[in-house]
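Please read through the structure below; I'll follow up with questions.
To keep things simple, chains are lettered A, B and C as they appear, and every chain counts its residues starting from 1.
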Amino acid sequence: MSGLQLRLERRPAPSSLALALVPALALVLALLLGALVLLATRHDPVAAYSAMFSGAFGSWYAVSETLVKVIPLLLASLAVLLGFRMSVWNIGAEGQLYAGAIAASWVALTFPDLPASVMLPAALLAGFVGGCLWALPPAALRAFLGVNEIITTLMLNYVAILFTGYLVTGPWRDPATGNFPYSPRFPDAAELPAIPGTRVHLGLPLGLVVAGLLALVLDRTRWGYQLRVIGRAPSFARYAGLDLARNILLVLVLSGGIAGLAGVAELLGITHRLQLNLSSSYGYTAIVIAWLARLNVAATLVVSLLFAALLVGGFSIQTSGVPAALATILQASILFFILAGSFLSRYRVRLRRPAPRPSAATQPLLVPPGEGAAER
Amino acid sequence: MDTQLVIDILAAVVVAATPLLLAGLGELVAERSGVINLGLEGIMLMGAIAGFAAMSATGSAPVGALAGLAVGALLGLFHSLFTITLRADQIVAGLTLTILGTGLSAYLGKPLIGVPAAATFTRAPLPLLSDLPVLGPVLFQQNALVYLTYLLVPAVAFLLQRTRWGLHVRAIGENPAAADSLGVGVQSWRYAAVTVGAALAGLAGAYLSLAYSTFWIENMTAGRGWVALGLVIFAGWNPFRLALGALLFGGLEALGFNAQALGVGIPSQFLRMLPYLLTIVVLAIITVHGRQRGAGVPAALGLPYERETS
Amino acid sequence: MTTPAPFVQLRGICKSFPGVLANDRVDFAVAAGEIHALLGENGAGKSTLMGILSGRYQPDAGEILLDGRPVSFGSPGDAISHGIGMVHQHFRLVESFTVVENLAIGLHGASWLLDAQVIATQVEQLAARYGLRVHPRARVGALSVGERQRVEILRALFRGARVLILDEPTAVLTPQETRALFATLRQLAAQGAGIVFISHKLGEVLAIADRITVLRAGRVVAQARPGETTQAELARAMVGRELGGPPPRQRTPPGPPRLVVEGLRARHDAGYEALRGIDLEVRAGEMLGLAGVAGNGQRELAETLAGLRPASAGRVRLDGHDLTNRSPRAIHAAGLAYVPEDRLETGLGPDLAVADNLIVRDYHRPPLARGPFLDRRAVTERAARIIRAFDVRGARPWLPVRALSGGNAQKLLLARELERRPLALVAAQPTRGLDVAATEAVHRLLLEQRQAGAAILLISEDLDELLALSDRLAVIYEGRIIGVLDNEALDPDTIGLLMAGAGAA
């Protein structure tokens, strides 16, 4: 078979040039793609993008609204990051978020007369524990029976959402608002204090603290070391006698707890009542954020900010007639371009003219040793 | 209990099961070839909006269904490109597809909200069969897409088990290295399986907007894509068990909405939780018992295939 | 019996890979109805030659003749369509499929409809003709290893193979299954097939082959018929070295038995028994070499000793302490270090930093640990110290191990295991793939430990290495130790014979 051939060769180490360029390039390409979508639906891309930018960063209030969105995204992303560091795929952050919110709601609704100094810590703790408990069944199944945690955590997402639906239309329904699916508004003591004039609440420092703690634990503690080894070299970990089952359990449960905190933050900081759309898919977006940040805590802060800006900017362009969904389109496009780009950093694509052969057989795509060796 | 009510509910079960079954059959084929598609929810939504839009533009419901099918296939090619050729992580790629599908369908669907459907898939009772007692009204007084789904179940089963195409698809899902060394093009077959699977998911979405609810509503799949994913596992990757599972899961949904009328004391949400919980239980059982007469997890599921050069 | 006209002929085949001349002007031919055995040690070039015949590789020079006409195989598919069927050591079977379904994969010219009945009938016919008893509708996962091999043979026959190449077919078979296989092969030959039987087992080769070719270092060094040669001659041809005697070495008398293994039994991953009652004794200050061709249980022995594989029977004792089936951590703590042959996946974590690799045994103790924290400075210091002490080139504490060369990675591994002066050491293929300098460095390290009184079990496929370093040499064959020789009295013929199973029950 004469003619050019496409060959794929795996690079020995990821190209650092590609790794650095890809995110920036992906952002640019995504914006271009978004502009095309806008043009195709007869909107002005320049107007839309500048409206998005000023919606996210154009004023102090805009910045504060962006920070508000950072809180749940950051906490959920940190939760997911923890699991992913040990190659434990927690796809259930969304459900754990709701579970945490449910637990915190229980505290607020059952003990309405607690002073804030007791209520807030209690609710936060309850939310953490709630998220942990929600992650416990998948964690145990994975650690002891090897059951794939991607499916089990995923399935529990909707269970949590349905349970929330049950609570807010049933036992915890707000008598005052009739048939709306809300719980009664929480007592003032259960409100996370915010920066005056904004909605930026205590959840932000909480998120930053969790980020700092996580970075500390992952990089500087013995347990973080175990996570590193198990996550990146499981055979080696087994050879060295590390306890995989116990660590898998611990990591997934803790991951659930942190995601639960994301739910509590949104609950006590923004909505002040348990409701069905507590989360705008924060749990799923968190997975994308953690992956984009290459599981690096500092990068997670940046990427969460970016995605929060996209969300807030997206809301604000609705006034110019562009649906807020543009933000999700942009998010997805960035991701797809990064996926494509990360491929290029791992593989080389070569065009070759093969040496003529007597028999007309089909060529395998990857080169058997000897061929490639001779040409190297 | 009123017999007519029971019959009505059973018919509703079939109606509710159909989109799950369609999407599930598609995902079953894809997963048998070794690729998991977490973008089902997004693909279904895109199919729903594409179908509704095409129907509005042409006034023909079958055209809408074809549009759903086509859009699904396109997204399937997309997913294949990323996960098979570019060897991206199947989880991240699938979730991204869901995010994209959710966002894009909402974006494109804005002008169509509240617009009544010009043409839908209406009830088309089959001659003779629809006069059967009980089974008649339940199974044979449905719309064309439902009948299509009836045919698809044995068709997919036959194609998978009794044809060489199906054999190759199954082989690459179990042992791609062996299949490759025997001359089966792993990448091509996976592309085909994923594309077909996504096309069916798109069709399932079109069913929702053209037959089930006859309106476009943002996020109208309401989690059915995730249920379909669970359903495939629950069914142990077997088309007939999938049909039964779809009836079960669809039944729970229908039961949920009619709970009061039936005097069932369980709140609807708990009934709707059962599909997800059952999936977890079944997955645990399947995992622990390993392979049982070919009903196990496709061994290569989720892993991108690279030919060894040793 | 005169040599029948060759059906397939390889003439003057040359093939090299980077750094190694795998085949050097090799001539090889198979006639219809003939069983031709290809003998040789690991690395002799058997796999390469058969890879060329089966279409996997292209020869650099030489030609392939089929029925006297030159042909060229561009791919394995090509070779198959010309009637060359290969039965690999690692079966290419889908476990959850039936035999019929497995045979149907990739069949050319078959209809789109899978008619299991038709294939089943054909299978039964073939089976009857060649004596390959297998149930067509059985699920492959439920078949024994011997039966699975029959399926692989059937697959080749199904595709019209006239030449069957079997690569170490008896490596995974029990003695009874081996007898059954031989009966099958004789029947196949009687029906006109040509068979290439690749093996290192002399007894079997003499029993089954019509002709024997011995490869060594890429060249044909001997060719004979079973009646004309002996196991000893074949062994010498295979191993063929003139020894200059072991290099001068300090002979301190070894101490008391330190590592004692009694009746050890363990299973292979595929289920059959890999260790069938190992009895071994390594004395303090002694290096006991373990010779044997790959696949006779060495890997399983090493893993069982290190606690990574369960022992189904028998005892392992270190200085009297019973270590059988204890955890890897406990075994290491008791003083048994393990250098695995899978250096880069198991012995080291390639994506982890050098320092992370080095501290895996004692990261939880001071001075590396301070409470729950890791003292990063202490870790860096320790890593730097070890790197210097063991002269690991190219290593910096926080670079990933993947960046190191093979030799330096191995030095790192050894550094970690030897740093604490273990009482005993199990080293599996420690110099595989290393260049001369690195090999020498590794040998030096091992001898140092021996000098310090450690009991060392050196498992290696490199006979030169074993002869140079060992005080005594044990030979493992089919899961048992079939001979222990004192190095003074060694002669390569004896070892070769033992390695190839001569004298085994």
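Everything that follows uses one rule, which is that a residue touches a chain if its C-beta (ideal position, glycine included) is under 8 Å from a C-beta of that chain, and two chains touch if they have at least 3 such contacts.
Because the structure is a prediction, the values reported are computed rather than measured.
Here A-B and A-C were compared by C-beta pairs in contact; the pair with more is A-B.
Of all chains, the one whose CA centroid is most distant from that of chain B is C.
Put simply, the C-alpha centre of chain B and that of chain C have 47 angstrom between them. Centroids of chain A and chain B (each the mean of its C-alpha atoms) stand 26 Å apart. Spacing of chain A relative to chain C, judged by their CA centroids, is 46 angstrom.
The residues of chain C that reach two or more other chains are 77, listed in rising order. Multi-chain contact residues of chain B, defined as those touching 2 or more other chains: none present. Chain A has residues 364, 368-369 in contact with two or more other chains. Across the complex, chain B is touched by residues 76-77, 92-97, 101, 104-108, 110-114, 116, 139, 141 of chain C. Of all the residues in chain A, the ones that touch chain B in their complex are 10, 37, 41, 89, 91, 137-138, 141, 145-148, 150-152, 154-159, 161-163, 165-166, 170, 281, 284-285, 287-288, 291, 323, 325-329, 331-333, 335-336, 339-340, 342-343, 346-347, 364-369, 372. Per the touch definition, chain B reaches chain A in the complex via residues 38, 82, 86-89, 91-93, 95-100, 102-104, 106-108, 110, 223, 226-227, 229-230, 233, 267, 269-270, 272-273, 276-277, 279-280, 283-284, 287-288, 297, 302, 306-307, 309-310.
Those residues of chain C whose C-beta lies close enough to touch chain A in the complex are 15, 17-18, 56-58, 71-75, 77-78, 306, 308, 327-330, 332, 338, 340, 342, 345-352, 356-357, 359-361, 363-364, 369, 372-374, 376, 402-403. Interface residues of chain B, counted against chain C in their complex, comprise 161-168, 170-171, 174-175, 177-179, 181-184, 291, 293-294, 296, 299.
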